[in-house]
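Okay, so chain A shows up in both of these, paired with chain B first and chain C after.
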Partner chain A sequence: MTDPTKRKHGDASDGALHLGSPLARVDGDRKVRGEAAYALDAAPAGLAHGVLVRGTIGAGTVLSVDAASARQSPGVLMVFTPFDTPVLGAPDSFLDGTPGEGPFHVFPASILHWGQAVAAVIAETRQQAETAAALLRIDYAPGDVVPSILSKDAGPGVPVGAVDIDRGDAEAALAGSVFRVEATYETPREYHVPIEPHGAVAWWEGDRLTVREPSQWIDAMARTYAGWFGIPFENVRLISHFVGGGFGSKVTAMTHGAVAALAARELGRPVKVAVTRAQNFTAHGGRAATRQTLRLGADADGRLKAIVQDGESETSVFVPFVEQLNAATSVMYDVPNLRSRQRLVHVNTVTPAHMRAPGKHPSAFGLESAIDELAHLAGIDPVELRLRNEAGFNPQTGQPWSSRRLREALVEGARRFGWKDRPAAPRSMRDADGAFLGWGVAAGLFPALDHFGEAGLRVDADGSIEVLSAGIDMGTGTYTILAQAAADALGVLPGDVTVRLGDSELPSGPLAGNSLLAGVMTGLVHKAAAAMRETIIGLALTEQGSPFRGSELNTLDITRGRIHPTLDEGRAVPIADLLKAIGRDRIERIEDNFPAGTSAQERHRIMTTVAGLRPPDGGVSSVASWCAHFVEVKVDEDFGTVRVRRVVSGFDCGRLYNPHLAASQFRGGIVMGIGQALLEGGRVDPRDGRIVNDNLGDYLIPTNADIPDIEVFSVGEPDFRAAPMGGKPVGEIGIVGVAPAICNAVFHATGQRIRRLPLDIAALLSTN
Partner chain B sequence: MRSADTPFVRSAARTDLDLHLRVNGRSHRIRAEARETLLDVLRERLGLFGTKKGCDHGQCGACTVLVDGRRVLSCLTLAAQAEHGAVTTVEGMVEHPVGRLVQAAFVAEDGLQCGYCTPGQIVSATACILEGAATSDEAIREAMSGNLCRCGAYPNIVAAVRSAAAVVERR
Partner chain C sequence: MNRLAYLRASSLEEAKQALALPGSIALAGGTTVVDLAKLGAMKPDLLVDIGGLAGLDAVRVDAGRLHIGALARMADVSRNADVLRLAPAIAESIERAASGQIRNMATIGGNILQRTRCAYFRDASTYAACNRRTPGSGCAAIGGVTPNHAILGATDACMATYPGDLAIVLAALDATVHTDMRDVALVDLFAEAGSGRETVLADDEIITAVSVAADAGAARSSYLKLRDRQSYEFAAVSVALAVDLTGNGPQIRVAVGGVATKPWRLPSVEAVLRAGPPTRARIAEAAATAAGDARSTPDNHFKIRLLTRTLERALLTALDLS
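Then we have the complex of A and B:
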């Protein structure tokens, strides 16, 4: 997998399965030609354009909006303000089980964070709408602002409670430990920054609403639109054929979509609302800022005896969002005694959201940094220390692991990296130009979740074979792996299969989040394609007009899209010809994984709210992906610069459905992790809570020149407890543990501990 | 208090222009406002949605197109500025001898994930090769750093540019 392109591409001729082979991305051609149509790549006839206007205070009230000149500005069709926007209906809460949020006030007069949307202008062109928006005169009564977790008046926060852990007697075990480390680790607000900004195009036909919008969860978003506009779920069509990156930011319906749909209804024409790059920093939350103090205790051999964790994470003043700081801490190593507490610090920010590896990333940053500190203190190699603390079962729940090959990732990673040549002492490796080099390691995990869904399969007499799902592909490879899964089970080539995704009219698909969609959908497509295969063979045996009519049961096979007697491929008939011969235009199958007897109402609930998320393997075993990152950094102490020069990372994600595309996901996660270590962090104005660096020139994400060669390899083996086709989560694990591996390497290079992200150049400047 | 969130444009007077644009070898006569960017005209007036908007501020490269063979950020270029030039967008790359190779190399090396930055990467990579900048991995990284990719396809993008450049070299 290190170089998937050098490998033989599987096809049916060598008897290999397609699922698991490194097939090139099937939607690649459309993407490189600019033919892949993203949500805003459409201009339906009569299109009008809307822009959102952000408030410019951190807290308080909108007193008035003078829109007179805006309304008279050329091309303006409509202005929405807190005082004249229709109140929308109350969708049931997306967080199933909590009461609905009530009627949706699109532009509430009460301001809870800087940048909160306060108005919208709709005009013939976007330029006209922007011009008019600048003419709005908005008067505010500013209130007191708590800008961020770092503010003096932010207070200690309120206990979360629900995520507390008390395992054994951690304080006593810590007191009795031979080696103890204590340190505080901080991560800043981080932002998803998909290169495709949010936006929506909406139009109505009677009481039927169509919305083109990038979505990670079509059905849940459609449900919100239905609730807002008081129409049946079936009357909402949400289209999201291609998603230009999500990373957790495109899961729920938001103000921009409400405005597009509302304006489209009022105007009787399609409306496009594009969220600007700057607005993407306040229209939805990024990852919450966190702070945690860890105390680790170990015996003389470096075996962990106790972990005590005290943490805080930031949230808005209106939603208690938890960025769970013990997500990795509690399960990574075999620790008999663990005490974990977390508080929420409410500040005037947009509510944070899940972002790639929520909880797991900040949790691993703290833990994997502290483990390195412990290794240094105890004089034990950090790879060896981790191996000594391997957990044979889930130490938090007592469940057996479905599979855990972290040891293999660590050992093989160390071998490939050349770890044995690492001198233990910091400041002992230099490059030819005199700059310090450092080698660091860290591990990571990603616990799996399961979900429900449906998969459709359609075979046509015109020869087309389609896989149908409302699930989406945001670059994760869904289009490709579902073609592979269908090909194997049906007996055709992946190239013969067209996968249609991202449309709420298609069979219900799971959330594209928690890295679960691939596992759920490959299983369902396999099931649907296998059922289709049985159906086709059954028809061939029984239908009038079939050349195989009257053959014995179990004597027919389908290979490369042709039906034939098992032992006689010479008499093969293409599936389409069989359909024609028996007078069928089309056969369709939809398969699902709902428990038997699930009512339609219940299916709707579990496909459109978090109610459908469940533990894999029926909760019997504990399912997670594992990784180990080895990093080399070069530190120039005169300039305080850090370059990541080399990364070698090993992954246990079970069976990879497509190693070529999985490698891209792994590398992509590592690239984002490099950004988190070295570059990324929201800067908050201490006066009003404004995000100061709300653009791509100031909120820095890695560029091509920041990224070195990244070698990734898989140590996973098929894990059928994890998912029907044997895979474990792939999309998010790559990010987990990258930042601590880099910071540990910086310590090895310089002797300086980096405990706050992103790394501060000033801290590294040479003092001599 | 004034909203600080939208461009400060005082004048309400429209200044329409009749523009003649050559895009991917085809002539287009359009009427557009003087302030409209080449990016907005390509997308919203000509329906050429291949070129993407990631920031509208010249900070991401998603909107990269060629004007007379040179890569430009179409979000920072007024449509009127492109009037006398030949514009090539990602849609024109299938016809472009180097662009076509670059497209194939991106698919083979998986130099993309979500694909949203990809049109800009394809155009930029094509120019990078024609500029003679693809001399080493280091040089490719540098020359391709105006095109952000949040999916982190960078190592594969470098591999794609390297392999396309090698094919061009051999010809």
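Then we have the complex of A and C:
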């Protein structure tokens, strides 16, 4: 592992200039002006438009599709149904790259959930396609539907096994505990609702396919397209320059992309398929609904002795997707005895997907609510109770933490919030108008993963400097922090660096998920830029035509893009001038972090499947980000309305590559957490499984009016076991623990404990 | 195929002629019509854009009445000085409705005539049964997801909530709806829920304005809207009050929204309030009668309690007793 004291550039300990500074996002200007072209802005000549058609039963079979009038409808070019859509090839396994299991039926006749895509219509215009789509007459044989985990006939589910934990003897320890709490916590289906809905624009040139599509993982999606269409990976070009939010929903290639590429091939012209807002609730999954019963036991001092967890999460009838309910439970506190079981309840839904802080959010909702219940029962302040149960090492794996500054986040958060003035008893704080006020706290974590990748650096004689990567920026700030990382290592200003991202022709990039891309890519860009710096200096000292040749200097420096003898900036030569002087048009470097000797085939496998995800620090230490949220709510008890008045949150995410952008991520996560706590939830029709609130008017996410001042602060220190440049995950952690902090605050305000989200008017009024 | 024609009417006569054609519908701000047409819940053949008709967007005070033109934009009305002074609850109800963007487009006439948000009404392709869309076809909401559905006026034919805010205030203020053919009391405008008609208006009848008496009750009018989200959400429960304290004992008119199939006056509550001085006890007694005829589902049962409490709070606030 890198020794921080030996690093020369770009880390926090040697006074890095740019990485770590609060630079405004470099792409902000273009976005505000509407100049940033998102995938569906692409309008290649001859573009045709496709629409997906959703099935209207919850389960069963498509018997027939009468497409006669649709095909005759003006402008219609093509209709795909379950009975006449070419079958696509089998991509390698997304898990490990082993050969795929079977061909991809784009529109299977068997219906497994409401809203499943059953057909597509391609026409000259979007409106013509929609008109024709409405003319399709689809005949179904409906089957029995199990709409949701709440359905009576959903059954107890099947054990997951793989995530079960048996640590010590939890039942015995629970039985011997002085304080015991037991409760069941539930979270509903939640949806990513990125403001940019999904979609794809595809076209072919011979057997080369280009797809413009918002993507969180260019290379993995390209691999799927290659498998579907039986073409080499290199023949797929996937472009995703900007992504209007993903939150985990844009990681894999989906039906809309398959239809766009297939229709483009059949028609010999570009085709765009835009997924509608309503279809964004059924074309891909949101977060699985969960339910967990927790039993906690503690000694007289509040030290946890045992946790017993029995959880269920929802999944489709065809894929065993696990929303891991013990993700936080197993590592948050020092608990010697823990027993955790999880079952999967298969219902007629689209397969759930990862969504910002998968597992961690519902896990923390249960645990951090239960800890608050324990604190109340034991008469111990909830901050103090957490401090008493701090884990000195990872209690699940026995690994040392690379860093864990949760204590600092709790202590400093309590100080900033004014926690010491909190009366312990519920119902003891009121606002001037008589409404109850309540203060709540909860903690959260986000375990880190590492990934492989490459970064390219290109310096041109025209003065341009480019960072090149197929990694993407979904609004989080990749463009900005990579310019900062390159600037430090190369000796230029961030403004001199152009970052090019989101194109599979560029050096292979990691997944933008698991909050890992920033850590991986800043390290790779640093490495490439440092190598470039050495290359340039070497050329300056040795090449014919260089003003420094024969100067008998051992080395040179580069400052603000100018090469000069160390300590003598008077004789500085701009990089571009040097290239011209030595007769070079361009210098390129690509650096990677593959283990030495990794074959090209293996590189492909680990860059395009989840097999490339690995623990940081070679698995020696346990790496995670930590946070603590302090929340004030105001509750009007008569009305059951809860307003969040104040949030103070502390984060240990190691070194922040850009504190300004990191704060945006923290706040964004907290905003989403407020939505989860008070507003969000897919409403499932109990008969056919339809999501009835599949639009932004009825699926409630917070508006500005719902969001108070949010104060965020960092207690992190550079952690070089976590990532080469010292940072830990930032993008998802903000959401973890917000919902329980709010529910705990509502308990403090009213004495009412809400254990099922969302905590809305109906929930509060059903009990008072 | 489904061709949609569009006509921008330049005179009332032209609009009326076009609206007399089967399958035609008036288009004002379009925020309801375009939404429902896109969903397929409304399948017009001809959109008759009345937005260009002259003289229908003014707010004026005439013979002791406040007149608001049918084509006046929500955003403009909510900021109008006469409205704010003479009937503040009208401004308040609009300010709390929809979003800034919608209020910039939407008109007063269109707002009054907006359709329900019942998901089963809105999704015609999945749910054939909807007495509102197709009289006699049944009601898919029965047994469905119904937290937003009505507890007052709900029948087996239809339990969809009237979602608007403004009309609740207009109901409390005994507003008159003026059309090109006649005057109708606002509370009489709406047809029986699930009857297959939304209103009593003829197909080619055009609302030209609404008016309310600029009386003491209107000047002391108030609107209390409750919902989970603090902006851009329909009411879970809302209460409109007009309180006249100038006579012998208060004259209080009460209408409620978010809970009923149409804008709903509560004569029983008004009667209790008339029976004597407005003490806290009387107010509680009055509020308790509000949900007397309520019919709820497990999903919307909470609205019974919420209605009573909201009404009580609104009355206490309006009478300075809170």
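In this text, the second predicted complex is superposed on the first by the 738 of 768 C-alpha atoms of A that agree within 3 Å, B and C clash if a C-alpha of one lies under 4 Å from a C-alpha of the other, contacts with A are read in each partner's own complex, and residues count from 1 in each chain.
To be clear about the criterion, a contact is a pair of C-beta atoms (placed from the backbone, for glycine too) under 8 Å apart; a residue touches a chain by one contact, two chains touch by 3 or more.
What you see is a predicted model, and the numbers here were worked out from it, not measured in a lab.
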Original post:
Touching A:V692, do we find chain B (first), chain C (second), both, or neither?
Top reply: second
**OP:** Once the structures are superposed on A, label A:S110 by its partner contacts, choosing first (chain B), second (chain C), both or neither.
**Re:** neither
Subject >> Per-residue touch tally on chain A - higher for chain B or for chain C >> reply: B
**OP:** Classify the contacts of A:R643 with the two partner chains as first (chain B alone), second (chain C alone), both, or neither.
**Re:** second
**OP:** Report for A:A705: first if it touches chain B alone, second if chain C alone, otherwise both or neither.
**Re:** both
Original post:
Now for A:T184: first (chain B), second (chain C), both, or neither, which partner does it touch?
Top reply: neither
Subject >> Which superposed partner A:G34 touches (first chain B, second chain C, both, neither) >> reply: first
Original post:
Looking at the overlay, what does A:A134 touch: chain B (first), chain C (second), both, or neither?
Top reply: both
Original post:
What is the contact status of A:I761 with respect to chain B (first) and chain C (second): first, second, both, or neither?
Top reply: second
**OP:** Tell me which partner A:T397 touches in the superposition: chain B (first), chain C (second), both or neither.
**Re:** neither
Original post:
So which positions on chain A get touched by both chain B and chain C?
Top reply: 56, 73-74, 131, 134, 697, 702-705
Original post:
chain C touches which residues of chain A in the complex?
Top reply: 56, 69, 73-74, 114, 131, 134-135, 638-641, 643, 678-679, 683-688, 690, 692-693, 697-698, 700, 702-706, 758, 760-762, 765-766
**OP:** Under the touch definition given earlier, write down the residues of chain C that touch chain A in their complex.
**Re:** 1-2, 40, 117, 119-120, 123, 125-126, 143-145, 147, 226-233, 236, 299, 301-302, 305-306, 309-310, 312-313
**OP:** Give every residue of chain A touching chain B within the complex, in rising order.
**Re:** 4-5, 24-25, 27-38, 40-43, 51, 53-57, 72-74, 115, 118-119, 125-127, 130-131, 133-134, 136-140, 192-197, 242-247, 274, 276-279, 474-477, 660-661, 663-665, 667-672, 695-697, 701-705, 707, 709-710
Original post:
What part of chain B is in contact with chain A in the complex they form?
Top reply: 1-10, 12, 14, 33, 35-36, 40, 43-44, 47-57, 59-60, 62, 89-91, 93-94, 102-104, 106-110, 112-119, 122, 140-142, 144-159
